[in-house]
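After this come two complexes, each holding chain A, first together with chain B and then together with chain C.
And now, the complex of A and B:
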């Protein structure tokens, strides 16, 4: 308060400009402008060189509707969203409850270890799991052979049916630690007296979980689910790109990996921008729906 | 009866915990061990222990496969990116949090909502923008893009740290004749150091691990960062049987992050959680 009274108006404006303007300009140039001109590019047919840029209106969007890869890619995206949310939330909630509600002396150890995959690069995780699925020397097939299930071995990432489910596992593996910690944060905010009262009333841990823990960490669960959905729709293509590059025969293409292929392999920049708009629109719509859906759920408790 | 039952429950619950511990640790240890094996050993017993510790893979990865160059590139991009990011975020976070002005809440919300909007769509125009600025295939260009991309996150975390600094400290510094620039540099910045460390570590890990923008924007092998170099090596290793080299490379990109995590565990966990809740 005093600070602002002592300074003259002009000095204050100068100081504010010093603090805010350089950041705002760089942010506008490198974040806002690219997003907006992405929308603009999607109206052109363009192979990258300046001269051949032709305006085709909504032509790229019409092409989206006819492209057989697009519905497949959208389906794959939501397949990953669904199974990642399911796998991560079930396991992360389970671990969070076990580590907070039961007296596990070494819980600090698990907390540190489970977080390891969250600091690893997706590239490392993708390469690692490509090895685990390697048809000849991979851990999965060696394990199956070791217990006599030779018939179940298959080239996991090369299989039309199994490639996509195989990608879910590393994604869940890499995600659990962070969300476990978020949910643990929520649980530790619940007053211990509530659980003590429930103990006195003879409620089992199982009942306590459904009636106390779950409703009271709903905010954290909701935030986690929305975060997983956003990062999956917009980032899952990185692991796809590394593990399968969208193959075999487009069986694992998600919208993001298809965008990359269209833009930087086939040089259809306009069409790729339209795919980018589609990704943005779908992820915003999905998050909005989830906000509504998860809000209604909450009232039931 | 009750203690017995407690013990039984405790043991039963430890089984999934231990299984997950193995699921997490085993692949990581396996990469580190495989880096010490010869190619022949990797093929003969891919999941066994190395016979002798053999550091040849590291030497080969470092020089013949340019991992040394990529390591240096990653360090440069990470260091320049984090410093630039702080230079942009600290003054902005301070002004938004502590200097009242019209539109302050609006600006804060613009930055916050930017955390929700994914950049995938922006990558194509960004590619041409960097091309126009002659910043394609340029480590400094990549660092600028990285730094700007994390401005919203850094402002969000730093604003909450700066908000918890007592106002009286700033006021008395002003009474002593310190200019607002001086207050920002000598009072606020040192007092927000915990937040600054958190943000720096989080951004550093992010930049170190980033892959996709580096893949798009860096085109010469000499300019590859570790993520791109690993992907390149992975695709090459299949034809050249350079598995040992690949694992050595993976270890080189993993170990620094693991060490940083070891030292700054609390900062990282806190930053990640807060970033995720708002992100």
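And now, the complex of A and C:
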């Protein structure tokens, strides 16, 4: 009787294999293999379009150190990380609090409105905003002209100064919805009695936000920040590629778009692989730093 | 268990790799190769013959015609076509794995003659090309507008379609507004001044994301100023070439246009179709771009728009226009399995007959001199005009690049050109930075 209830060791192994094997195989094929081959190719001078490969050891890495675009691209990556985290977190938290705690009638409608950009492809968002920023026919410049601010119009994406900040806006806009929902989930998990008690004690909404809401949704905030950082470091490539292709004069290149340019426009596949390794190293280092930085006692009331 | 797991992972990786290499859009034209006896009876050529050709704005009508004619003349061949707008990417795995198609038309995104030569993928055609002749017996090489690219004295690809960079304008709009069509740099400045003052628009627009202004504005200027020697030195990144006197002189002309406000301040935000659209909407008067403009934009051309073309007037008064071609060549793979068929096909299409068909079927000229287009009513007038212009030596000088500029040099130089055209750097700073880019290029291409 007991024997039939306890699984045999072999059965247990079979069950585990059944659960883990598909994931392991996918992981090996789509993560481990590309990772290793990326490392491997970064040691070669290879165009990526022919069979001719020359082993050059750390040559591509030496080139990384001398390439003037690399420090620029890294700077742009962290510029985007900083402003995206700031913009998305502030706005998403603000909207989440307003929609959950202020009992607005149309909160369902706003939820849809804010989440809407999340169901659009980044490619569509990029193209849409390229039109919005178009120097001649775009919404931004036409709007400025309509209200008499002609002096403020500029070729947003074509300006060495304004191109990168112009990319932040759609990136933030596209990101808010998902994190707003995550934070709303966190807030609705806080027992209403805590807020009621705070009300009785005479705490203002502002105090309630700082003392109750924020500490109790910290886990969600932390997860959101790390997620934004990782997706920005690895994924801003798409929006940059669509909107500016890294230009004008490399003013918006992020590491991902520069990697793409080196691999598929300039035919330096090996060098691009080295850039890929650099992205990996920087993402890892950043996430580790964040983990330390965001470490905070878990609070329960 | 562990060993089994390893085996499974390995099997999955191999399966994944094999799946990744298999699919391309191929079409089979004939199956005759299955019967070698019949093939031998009808023609000398037999076996499978694979052609890779890019299909872009020019369409594939010319190709279909040429291939079906070739097929009719060589019934023993089994012709397989790999074609389409993404064919260069789709066929990459074949080139990487050293099993390329026999013949390749090097054109469109993702293709580069210089890179294919650097990767040692193309057959040396130097000796054989000398034996080719047109219908009337004139040697093919002396009938080319543009000489084949040369790499250490060897040629690997024969230029088939002739594209050239020049400057477009709307003939009827210019006439209506009383603007004069420029004939050299000074008259161009005069017209641009006129357009800016009377029309209130920035006269010149171009693509700010890709090296169009480098190819369409600077290079013709360099050619007019320093001839083929200079442009060859520039393309080869010879030490000192980019900061030489003639280069600075031409760059100063661009700087002058920028300072006068003749360059659209928004150009850096535009890609080539957006800049072409601005031009069609008369937001600008001139656009330096290739022959393909009318064909590419044919669906968006406003009524009454009348395309006019001149080689970009960067030259001083009294000199002929300088024209720089951008050619799309045919080449044979070094590892071709049926090189004889590939050679026969090249010989077959490099004829006046197919050069006459090309403007009609694909709106493009082939790289063959002395083709008469006047009697064909299906050919658009601007192409006839271009054909007459390029065949007139007193007005236009053709300058061939020894080979296309490598993207590793072109991109950083173009980046600096954008800064110059935005007014962020001076002509002197530009030449210094371009020279630095050339030095980096020399270092990295070793």
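Operating definition for what follows: the second predicted complex is superposed on the first by the 263 of 301 C-alpha atoms of A that agree within 3 Å, B and C clash if a C-alpha of one lies under 4 Å from a C-alpha of the other, contacts with A are read in each partner's own complex, and residues count from 1 in each chain.
Quick note on the criterion: contacts are C-beta pairs under 8 Å (C-beta built on N, C-alpha and C of every residue); 3 or more make two chains touch, one makes a residue touch a chain.
Being a predicted model, the structure only gives us computed values, none of them experimental.
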Message: Quick check on the superposed pair: does A:293 touch chain B, chain C, both, or neither? Answer first, second, both or neither.
response: neither
- prompt: Regarding the shared-chain residue A:273, is it in contact with chain B (first), chain C (second), both, or neither?
  reply: first
Field: Which superposed partner A:264 touches (first chain B, second chain C, both, neither)
entry: both
Task: Between chain B and chain C, point out the one touching more chain A residues.
output: B
Task: For A:128, decide between first (touching chain B), second (touching chain C), both and neither.
output: first
- request: Check the residue A:250 against both partner chains and state whether it touches chain B (first), chain C (second), both, or neither.
  value: second
Message: Applying the document's definition of touch, where does A:29 land relative to chain B and chain C: first, second, both, or neither?
response: both
Partner chain in contact with A:12 - chain B first, chain C second, else both or neither: first
- prompt: Touching chain B and also chain C: which chain A residues?
  reply: 24, 29, 33, 48, 134, 264
Task: Sort out for me which residues of chain A touch chain C in the complex.
output: 13, 17, 21, 24-25, 28-29, 33, 47-52, 63, 66, 133-136, 155-160, 163, 244-245, 247-250, 261, 264-268
Message: Under the stated contact criterion, what part of chain A meets chain B in this complex?
response: 1-4, 6-7, 11-12, 15-16, 18-20, 22-24, 26-27, 29-31, 33-35, 37-39, 41, 48, 91, 94-95, 98-99, 102-104, 110, 112-124, 127-132, 134, 137-139, 142, 173, 176, 178-179, 181-182, 185, 220, 223-224, 227, 230, 233-235, 238, 241-242, 256, 259-260, 263-264, 269, 272-273, 276-277, 279-280, 283, 287
Field: chain A-facing residues of chain C, complex
entry: 1, 5, 8-9, 12-13, 16, 92, 95-98, 110, 112, 115-116, 118-121, 208-210, 264-271, 274, 278, 283, 407-408, 411, 415-416, 418-419, 422, 424, 440, 444
Statement: Seen from chain B, its contact residues with chain A in the complex are 9-10, 13-14, 16-17, 20-21, 23-25, 27-28, 31, 42-43, 46-47, 88-89, 91-92, 94-96, 99-101, 107, 111, 114, 116-126, 128-129, 144-145, 147-149, 151, 167, 170-171, 174-175, 180-181, 183-184, 205, 208-212, 216, 226-227, 230-231, 234, 246, 250, 253-254, 257-258, 261, 265, 268-269, 272-273, 276-277, 279
